[in-house]
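Chain IDs A, B, C, D and E follow the sequence of writing; residue 1 opens each chain.
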Amino acid sequence: MSQTIQDLPGTGPAPQTGPGAGARPDAKSNNPGLFRMLLRDKFASAGAVILLLVLLTAAFGPMLMGDLATRQNLLFANKAPFNPANGWEYFLGSDSLGRSVLARLVVATRTTLAVAVPAVAVAMVIGSLWGVWAGYHRGWRENVSMRVADVIMSFPSLLLAVVVLYVFSPSAANIVLILALTRIPIYLRTARAESAELQSRTFVDAARTFGARPNAIIRRHVIPVVTPTILTLATLEFCYVMLAESSLSFLGIGIQPPDASWGLLVSQGRQYLQTAWWLSIFPGLAIVITAISANMLAAWLRIATDPAQRWRLALPGRRKLIVRLKAKESK
Amino acid sequence: SVANSDNAAGAGAAASDTLRVVLQQEPPTLEPCEANLTSTGVVDRSTVTEPLVERNPTSGELEPKLATGWKATGDKEWTFTLREGVTFHDGSGFTAEDAAATIERAVNSDLGCNVEGYVFGDDDLEVQAVNDTTLKVTTKQPDPILPLRISFLEVVPAETSATEKVREPVGTGPYQLESWDAGQKITLAAYDGYWGEKPAYAKAEYQWRSEGSVRAAMVTSGEADIAMGLSPEDNIGELGVPYPNNETVALRMHNDKAPFTDIRVRQAVNYAIDKESIVASLYGGRDKAAAQLVPAGVVGHNESLQPWPFDLEKAKQLVAEAKADGVDTSAQISLIVRTAQFPKIQELGQVIQEQLTQAGLNVKLKMLETSQHLKYQVRPFVEDEGALLHMTQHGNQAGDAAFTVDQYMLTDGAQSAFGTPELDAMIKKANAATGDGRQQAFEEIFAHQNEDVVQFAHIAHQTGMIGKAAGVDYTPNSSSGDELRLAEIKPAQ
Amino acid sequence: MTALLDRTVADRPAALEVRDVVKTFHVSRSASGNNRLRALDGINLSVGRGETLGLVGESGCGKSTLARTLMLLEKPDSGSVTFDGQDPFSLKGKDLLSWRRRVQMVFQDPFASLNARMTAGDIISEPWATHRGLHRTSREREARLAELLQLVGLRASDARKSPQEFSGGQRQRIGIARALALNPELIILDEPVSALDLSVQAQVLNLLNDLQQQLGVSYIFISHDLSVVRHVTDRVAVMYLGRIIETGTTEDVFERPLHPYTAALMSASPKLDPAARPAERIVLKGELPSPLDPPSGCRFRTRCWKAQDICAAEAPRKRTAAEAGRTVLPMPALRRPGLPVEHLAECHFPLAVPAGPDAARE
Amino acid sequence: MLSYLRKRIISSALPLLVVIVGVFALARLTGNPASLYLPLNATEQMRADFTARHGLDQPLLVQMADYFGGVLQLDFGTSLRTGESAATMALRAFPATLQLAATTMVLAILLAVIVGSWAALKPNGIADRISSFVSMAAASIPDFWLAIVGIWIFAITLGWVPTSGVTGAAAWVLPIGTLVMRPFGALVQVVRGAMVSALSEPYIKLARSKGASQTRVVTHHALRNASAPALTVAGDLTVGLVNGAVVVETIFGWPGIGKLMIDSILQRDFAVLQACVLLTAVAIFVLNIVIDLLYALLDPRVRPASAVSRARKARPAPAPVETAPANA
Amino acid sequence: MTSTAETSAGRTAACPVVLRVEGLDVDIRTPAGTVRAVSNAGFEARAGQTLALLGESGCGKSMTAKAVAGLLDPVAHVAGGSAELEGRDLLRMTPKQRRKVAGAELGIVFQDALTALNPVYPVGVQLGEAFRIHHGASAARAREQAVQLMRRVGIPEPESRVNAYPHQFSGGMRQRILIAMAVALSPRLLIADEPTTALDVTVQAQIMDLLRSLREEGDMAVVLITHDLAVVAEEADDVVVMYAGTVAEQGPVGQVFANPRHPYTKGLLESVPVDAERGSSLASIPGSPPELKNIPAGCVYQDRCPLAQAVCRQERPVLREVAPGRRAACHFSDSLATASTLEEIQP
């Protein structure tokens, strides 16, 4: 039903807010800006703002913190947070070497993103292009690709991690490499499924009838349609990658000190849980809040980028779903 | 709740006659000839199996176990008198044959026992069971500490395969192996035919958890009576019992690459590290700042050596001097640290890195897992890496400095980066010495290392910690981490 | 009528010739263990220049498959297709591209055949991204786009809108404009109006008609709406389960169907005008058999009220109206070599008299 | 059915082989285990002996041939660390993991279905917001942290459950409570999405037109239709669990395959590692077949006999296992 | 089946009204605000007769039907009016009351036959569901009933096919099953929303046959929704022509088609390519229906109407009786009655 609803006049995405907007919509305003749609969804906006903050922190935070994150003071170890007497640097307390938890959190933001973002980006680009290609051509290309995905999926990723991180070094770049490699199948499968479905669509057939080459069709018709799905997926994967990185830290093969990532901070702080809870709670919160924000944004993005669902977001405020009629007045 | 009451009931019942111990990891095997591996030895030694001679960890004296006496009966020959009336868990009697077979098996066979290389070096021993209670051991070279070495060998019946390792040993100890639920627990039962005093607990149960906080929690929640290998952060509270564990942490400097080619830089490292603060802040004041590789109680420990003072200015000055003389003090130094080797090692690594950086050196911290770390720890060392600063944790289980200096200070010692001919000569002399002369000779070696060689920057003599439930009476000693003598553990009065 | 036929067919040779085209799909195994679905089973067709050929038949009988095969979207197992003497399946590279220009298609579903993420202008000018030589400068392209939009009755400003903003009829016009972008000589129209409302349908049919008059293109017009087919086509081919069972001029087929299936089809389609309704309607029994397991012999026999034993045993050959016992009006203009405009049907027992009350329900 | 199985085995055998070969080669990339197993001052000779004794001096291909030769005779090698048969060790550890995985998934699916359906009844309603918040949080808390907090609160402070171990039902609470979070979080989202779209399908309206109550509509008509996407994701999540819940097994001393695998990696115990991988790969293979069968059970359209009708749709139904998971 | 104006008029008077809809308004929430999808719709369906709701896509036919059946999408709600099923107002029932009526007294066949059946249950189970819900029948009993129903709607071998799944049936068969489901409990009213739009003509004829016989058998009132003029002409007794959510015209089919009183009806009738010569141009209605959010004040048809005058832009024509039994909503419906072409009416 949603298909037809969308296609019927009067229900398409419309710009005018408020009832009774009478003028015929012009072409442009009929697609309300993504940004304005975002503003309408409180939760998604909050998510976006938080993610933006995280990004800004990663970009500029370390600069502001100077050497605060590495400055040790063994005599000032494990000081509790929220004590104004300690100065703003220690607002979130100090760690076991007397470093500012706040500063370390800020610096870790950059490392965390420096791992998660490239890992997601690399996996996304490779996986989705590959998947789109495989799905478009079908046949053996599709089969081989899916088998490769199977292999990667059932490969013990931990072994891969250990090998790469031991044989080479546990550098951020290698962690990115592993996380990217192991997550490629996710995109590959999604993109393949979508692309296989798309290649049988009529508008793709139409493009074939004028002799467009496969790559041109993929570029023009498949990629733009697959992109929103992939982006949504990538947002979710971002959370997964953050968690995976923290698990690696727990096993001692993640980011290595003196670098710090949120996962590593949680992992290191876990033994102080009962003596200095702030060491693991704050970075843990950072992970959870970022993940929830990303999820919120992804949920919104999923709808906002789907032309068949976008109208949901544009609906005016909630009303009672069923307006019960008043009992008929006596005739 | 139901779970609660179940749990409490279970705990109560078990506490009466079962001693529950939680270890860091499952023993890979209980093969007695591997008993110098901590995780194997902690179960085997003096509990399931017993040696001929046992070293008292507190006094350092050798005490009779399955041998009642021993003496040097020649330049290279030792004679042991064995205890009578001892039976193995399988009921067979213990004789000199068994003792001889044990030595043959561990030292002279191709079994590839860990203990062989660790304690005996390359040379084979000649053993002879003179009669049921007399054993004669002959060495290739004179060996004044042979009985000490023999104390590492856990006696097994002569029938034990000399070509295959056994996972489940038959010993003479106070407890015998009852069952081993791989992955879950090992259960021991008191051996009725034990020659000595009957142990206080009828049963013992070992479990293992790799997270220290979980081990501690098991003691606090009443699920275990003894938890091994805790650290101060594990929140064990009153139930934590610290003990000196013979382990010493030090940094080994490889002098083959700048800036460690210059002794002044090596001295600077010693000055730059604030050992007292580290001990006070990271280890709650329980550890002791170290001036040498062996702690007090080990033969050869030099009481008069003082830890290097913390003097950052001096360190900077030394570095500057070296630099002035053309040493590349800005060359990168890799600080090699093994992940999770001992509590707070990660923090320690970071502190040292930071302090050496303060002194003007360029240090990069490298955290490695065991197998990788081994490439840096023992010869042949990794070559293409720049200057190496290796964090070593050395535990002298034997109580004699010979075991330390052979490994760590000889020019070609397995864990020695370099040495000097002088030092080599001193070591050779000390190894052959006995009595006070021996003590003297080793003391000189340690002093010499600090003055003229400076391969090591010593950090601390460590303190271990076990968790002990209130219902248990046990005082850990320096060897508790390697051999937890269950027979010494009693219910609290 | 004759005058019209003269104009469209009479003095031109066939542009498109389809000979014995067979197309099999591999599908998952059916209950009877067959996994080869014969969607087209020996199709013969020809279309003249400027002519409109209607293709009617029930859903699933293979109309779209034929259209797709002609557009090279499917490769036939056997048989030949020639357009202007060229076999498109043997063409490569440039030749193929130039062939593509000459034959275009308008798809059944105006909603699905337009990429919702592109604007109308992008959609219509998309073919030029492949055929770069056609309009070299962007000025030329814009001018041509405006022209096309005007031709199909859209405003120039509509180029910036996206498909969702158009009504069904307007979308179908965009599809037509896209097909026209390459100046084709033959357009295959796969149910171009079946998704449209009546009032819009009339607009589109008028448009198609005007284009043909202005540009002289040929159409293959696929539809199952008989009133529409009757209105727009010169000749009709009736398909049933992958075969063409009857062909002839529109008037012949509609007024004097030979094949019982055609007769049933005509009779079943509802009529607005009470006078045009058959007094007794032929309501077919049973369903269209599965194309995976078509009946032996004559495919229609399972639903045919005239079926006899021979129908199961033997596939019927083509019979002309005359063979069926009809008096055929001489139409000399149509008797051109190579153009099978005779009225032919594949049936053992073609209807001698146009279907009437007697023919209905046995 | 048989032909399906045959196809399935053929198409999965090769990946399986690739996985094993890959593990074999990768493991050997981590270096010679000799130094781990020999005394610190072992001589070159001893190392060489050790290496030769375990065949590690052979070219990789020879080693591989040996290994596969052994596998064909059901000899999976012996553990360097314990001297036990690698197969025995892997087989012993696997049930523990399987029990954990199965219980976790059953619980996660159950909870997710309840919460997800509840949320889907009113998209964007308050219940929906709460459940999405909770599920996202559940899915994004680092598990090791959760485990330790769980021990602290429930085992130490409250004393309700044992801290760890495998004895007694109470011991399952914390590991499963920790493990269930991520699958639960992921599944709630999937179930919710699938339920929202199932509830807007025409057959729901049809059911209502017959006078069916809300409960009947949800449990009878929507849920089963919504189960396919959830099943796909649940399958992927189960694969993750079968591969070993390393972190949870490590913390709770759960003697499972994940812990065994990581230990054998750290100890360079190649034979055991290979046995573990082989076992889990086969298990995943079986799991995928089970999931396929479940698909067919839940949705008659994907049963083999539906060939005819599917042919009419002209598009081969995508193989269910290969559809994309929503979020893992 | 041919129904002429005379016979239907005669019958109409005799048959009791089953459904009476009056002043039905349906609102939809859209991004542009709330819009009225159905405005002031009213009609009567009589027992044993077929009432056709005719109109272009999107004019509100289904919306009207769903409002009556209480199955509107969440975004839509009834804003006013009444719909009395044998005297009880469906729109004012509690959900519980309505569930009692649904299926038992009011059957509905949905527009998208191919997707309306639940794909995961055998058709027998779905057919029997009504018996289980309303009569508390056992599974076995419901199954028996299902078999009978299938036989009644002409599905061959019902005993073996009762366990088959929807996808194993062709479109026509599925439509029959849907119809069977709707008439399972012999309701008083059957609403059939475009029951044949997706089907071929030969199948359409079969389905129409079936509906006709069921109607006669059970003396049901049938509301047939379609946009096919020919189907209306053949099947219905009365017709309601809808345009942009409003009723343009209504009355007995014969009269309305023979003599339309609304320019829209007239335009529709003329755009049927029925008698037009091959190649000749069809009369078509220019433009397209207004979007719901842009419904003009005044007459909804003004933008496309050749008759549109100033009055049409200001005043919305009310639906009024233009002849006995006929109503139309046009300012000029009286002039239409006499004029033979639209041009003649130009004032």
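Just so we're on the same page, a residue touches a chain if its C-beta (ideal position, glycine included) is under 8 Å from a C-beta of that chain, and two chains touch if they have at least 3 such contacts.
Bear in mind the structure is a predicted one, so any value in this text is a computation, not a measurement.
For the pair chain A and chain E, chains touching both partners: C, D.
Two chain pairs, C-E and D-E, are weighed by contacting C-beta pairs, with C-E ahead. Centroid distances from chain E, each centroid being the mean of CA atoms, peak for B.
Using mean Cα coordinates as chain centres, the one most removed from chain C is B. Chain B and chain E have Cα centroids separated by 91 Å. Chain A and chain B have CA centres that are 49 Å apart. If you average the CA atoms of chain A and of chain D, the two centres end up 23 Å from each other. Chain C has residues 167-168 in contact with two or more other chains.
Those residues of chain A in touch with two or more other chains are numbered 1, 9, 13, 166, 270, 273-274.
Residue positions of chain B touching 2 or more other chains: 213, 369, 371-372.
On the chain B side of its complex with chain A, the touching residues are 212-213, 231, 233-235, 274, 277-278, 280-282, 339-340, 344, 346-347, 349-351, 353-354, 365-367, 369, 371-372.
Of all residues in chain C, only 1, 4, 58-59, 167-170, 197-203, 205-206, 209-210, 213, 224, 226-228, 230-234, 250, 264-265, 268-274, 276-277, 281, 283-284, 286-288 touch chain E in the complex they form. Residues 30-31, 33, 35-43, 46, 49-50, 81-84, 89, 92-93, 96, 148, 151-152, 155-156, 158-166, 168, 170, 173, 250-253, 255-256, 259-260, 266-268 of chain D are the ones touching chain B in the complex. Across the interface of their complex, chain D is touched by residues 1-2, 43, 143, 146-151, 153-160, 162-163, 166-167, 186, 189-194, 196-197, 200, 233, 236-237, 239-240, 242-243, 246-247, 250-251, 263, 266-267, 270, 273-274, 280, 284, 287-288, 291-292, 295-296, 299, 312, 318 of chain A.
Those residues of chain B lying in contact with chain D across their complex are 1, 3-4, 6-8, 10, 28-29, 31, 110, 112, 114, 116-118, 121-122, 164-165, 167, 182-184, 207-211, 213-214, 217-218, 220-221, 223, 369-372, 374-375, 377-378, 407, 413-415.
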